[in-house]
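Here the chain labels run A, B and C in written order, and each chain numbers its own residues starting at 1.
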Amino acid sequence: MSDLIAFRNPTEESPWARRLLIGTVVSILSLLLFAPLFVVFSEALSRGWMTAVESLGQRDAWQAIRLTLTVAAISVPMNAVFGLAAAWAITKFDFRGKAFLITLIDLPFSVSPVVAGLCLVLLLGANSTLGGMLVGAGVPIIFALPGVVLATVFVSFPFVARELIPVMIEQGRAEEEAALTLGASGWRVFRTVTLPNIRWALLYGVLLCNARAMGEFGAVAVVSGRIRGETATMPITIEMMYNEYLSVAAFTLAAVLALLALMTLALKSILEWYHADALAATRRH
Amino acid sequence: MPSMLIRRSAMPGFNLAMGITVTMLSVIVILPIMALLMRGLVWGPAEIWATVSSERVRGALFLSFRLSVLAALFNLVFGVMLAWILVRYRFPGKRLIDAAVDLPFALPTAVAGIALTTLYAPNGLFGGIAADMGLRIAYTQAGIFVALVFVGLPFVTRTVQPVIAEIEHEVEEASASLGASRLTTLRRVILPMLMPAALTGFALALARSVGEYGSVIFIAGNIPNRTEIAPLLIVIRLEEFNYNAAAAIGIAMLLISFLMLFAINLIQIWSRRRIGYV
Amino acid sequence: MHIQIEEIAKAYGTTAALHPVSLAIPSGALVALLGPSGSGKTTLLRILGGLEFPSSGRVLLEGADAAGLTVQERRAGFVFQSYALFRHMTVFENIAYGLRARSRLSRPPAGEITRRVTNLLELIQLPEIGGRYPSQLSGGQRQRVALARALAIEPRMLLLDEPFGALDARVRRELRAGLREIHDATGLTSIFVTHDQEEAMELADLVVVMSMGRIEQIGRPIDIRSNPATEFVREFVS
């Protein structure tokens, strides 16, 4: 039929414009995202699998991995508890200053990690009043594990709360109120009504929080003092190895973190595809 | 707990939840920031100003801010394009790209830093090509720009994507039926609708870039007054145990962050008042 | 403008939204496409407006085949069910949009645009609201602004998709009279889609009853009432 010629949907761009746009975007992404990711693995394996695996077995690398896992294991649950508490207070109650509280919770996202580390050093460093007392009592914070944990909690502070708040606002209070009228205790309501409703959003927040916690560099660099085996987390160790021209070792450790990042992204995508409804409010935020 | 301030509620757990929230917020975020501000106060505004306005510090702050603005502008344009094709077009690999957009959020900055440096150094894959054309990327301001673009990449895309998804088809059809070409519709109808979200993403990317450290220090070269960013200068001052100077620079950066936060809120209030959504 | 619809059909994949339908609409008529949801009335309207392309058949506008005309060239004043007002523009900017979107050569000068928009605001009896944003208007006001916006481009016909669908009963009756007045004042061939038989019967010169992608009956309201052609029509209009 001759009159079927070239009807273009009025809400679409022409095919060549689409191709041009897709081509441009994919090229830029290749230069900026895919190539760096590829380089991490290709550099790690540049001397073969054996060298890479051996470098992971060395003491520095091994201790860094253990330290990073320890820090994440402490700081992520802390942030999860905080996120749940903050979201509960903010979404289930009306009080003055709520908007200000939300702003404060978001604050760590707008503070440079280095400045965050600096703040902690000034509060708890050995030459501050408080820090001096703590060192005197035999509990050093800065240049020790507690400082690394505090810095990590600071930079990943808002993640869980931020994911939970929009979801819990959307779900309202009716279900909890219903459970209360049926005689359930407050704790029971939280466990049996609220938690099942927000579990995917919580997991999502924990995932992002964990990725940030394991990868934090700037804040930890400032508070850790870069002590091998004690405060040198994986990112810090990567920096030290890279500066010592231990390229394969640095990139192998980097590849481990990159794999973790890829796993995080995969899990995140799976959550978004299969639990889109439960996360809808989050995505719109 | 200021339970007097809340309206009476049948919901349990306010004191516990609020207690945890306020305690953790105070100990981890507010007290340390107060410590920074106190340090500045004790040292004196005049001294802070003298430090911040010295050539090297001023240069570093200006460099961080200027390159962050440039990188965020790049991401503003690129982020809108990326969001558009992810929502509107179908093409092979789309889901992969959609997932990969968040890579800069998930990939530790130190990893990104050494990877970008390896790629864009004169003996690297892309840096080599650039060197053949007489350009240097790594160890120059161009390198810092590349790192900051990487770090800020997801912000605009992620704020704009849901807005594009919610545009009613009928609005675009209305524009076409009134005689507007596709380009006119995109320019006069679609872009203005995306602007508030895009600007929010821009401000978020900017805030992130100004304070960025990990991905930049490897690629920057760190030459004072040329490629030395403000966060690095803080680290240097701390290593010299010059806490006062470090605090002064930190306060200046904090101020920039607050101004940025303020700007984000203004954008959102303004767009909500005008068009009833963000 | 005289509109001739010849054997128009539309299928989405394998499901037929419109079986071949034919219809002649005399110049200056006010026509209702009446039917339940899924009857194909909106699809037919969108084909007339150039928003959708028929699978087969053709539309003749004033005797000329419309197949080659894009939406932009068709100059059909289309009023959408959701009104589709541009939220970031004032009422004035909304109405002026079609004129300002024209190429530099055919665009009226700014003063002329202002004059026309002012006239249209008076025509819809809302002369004061030019500076407001759509979010600040009532439902009825939005509908009238959408109508004025469609009229601003000096359309060759007026196509309205459920123009009163989202309004409450009282506003509905008011605006019905308003549409009749505007139609009579402009003399435009106007076609509106509705599922409300009372609305169709009261307002239209000619009613086209549709069901399941087919035309059941075409006639004046009085003929359809007194002489329903099929069982479906009898039940639907009773």
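Heads up, the rule we're going with is that contacts are C-beta pairs under 8 Å (C-beta built on N, C-alpha and C of every residue); 3 or more make two chains touch, one makes a residue touch a chain.
The structure presented is a predicted model; accordingly, all values stated were derived computationally and were not measured.
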Going only through chains that touch each other, how many steps at minimum separate chain A from chain B? 1
Name the chain whose C-alpha centroid is most distant from the C-alpha centroid of chain B. C
Length of the line joining the C-alpha centres of chain A and chain B, rounded to whole Å: 15
Just curious, how far off is chain C from chain B if you go by their C-alpha centres, in Å? 47
Distance from the mean Cα position of chain C to that of chain A, given in whole angstrom: 52
Provide the list of chain B residues touching at least two other chains, using ranges where the numbers run on. 173, 176-177
So which stretches of chain C touch two or more other chains? 50-51, 70-72
Residue numbers of chain A (touch at least two other chains): 10
Of chain A, residues touching chain B in the complex: 10-14, 18, 21-22, 24-26, 28-29, 31-37, 39-40, 43, 78, 81-82, 84-86, 88-89, 92-97, 101, 103-116, 118-125, 127-128, 150, 153-154, 157, 173, 176-177, 180, 185-187, 189-190, 208, 211-212, 214-218, 221-222, 234-236, 238-239, 242, 250-251, 254, 257-258, 261-262, 264-266, 268-269, 283-284
Touching residues of chain C toward chain A in the complex: what are they? 50-51, 53, 56, 58, 65, 67-68, 70-72
Quick one: in the complex, what on chain C touches chain B? 49-51, 70-72, 74-78, 80-82, 84-89, 97-98, 101-102, 133, 135, 149-150, 152-153
Give the list of chain B residues in touch with chain A in this complex. 2, 5-7, 9-14, 16-21, 24-25, 28-36, 39, 78, 81-82, 84-85, 88-89, 91, 93, 95, 97-112, 114-116, 118-119, 125-126, 146, 149-150, 153, 162, 169, 172-173, 176-177, 182, 186, 207-208, 210-214, 218, 231-232, 234-235, 238, 243, 246-247, 250, 253-254, 257-258, 260-261
Complex contact set, residues of chain A against chain C: 1, 3-5, 7-8, 10
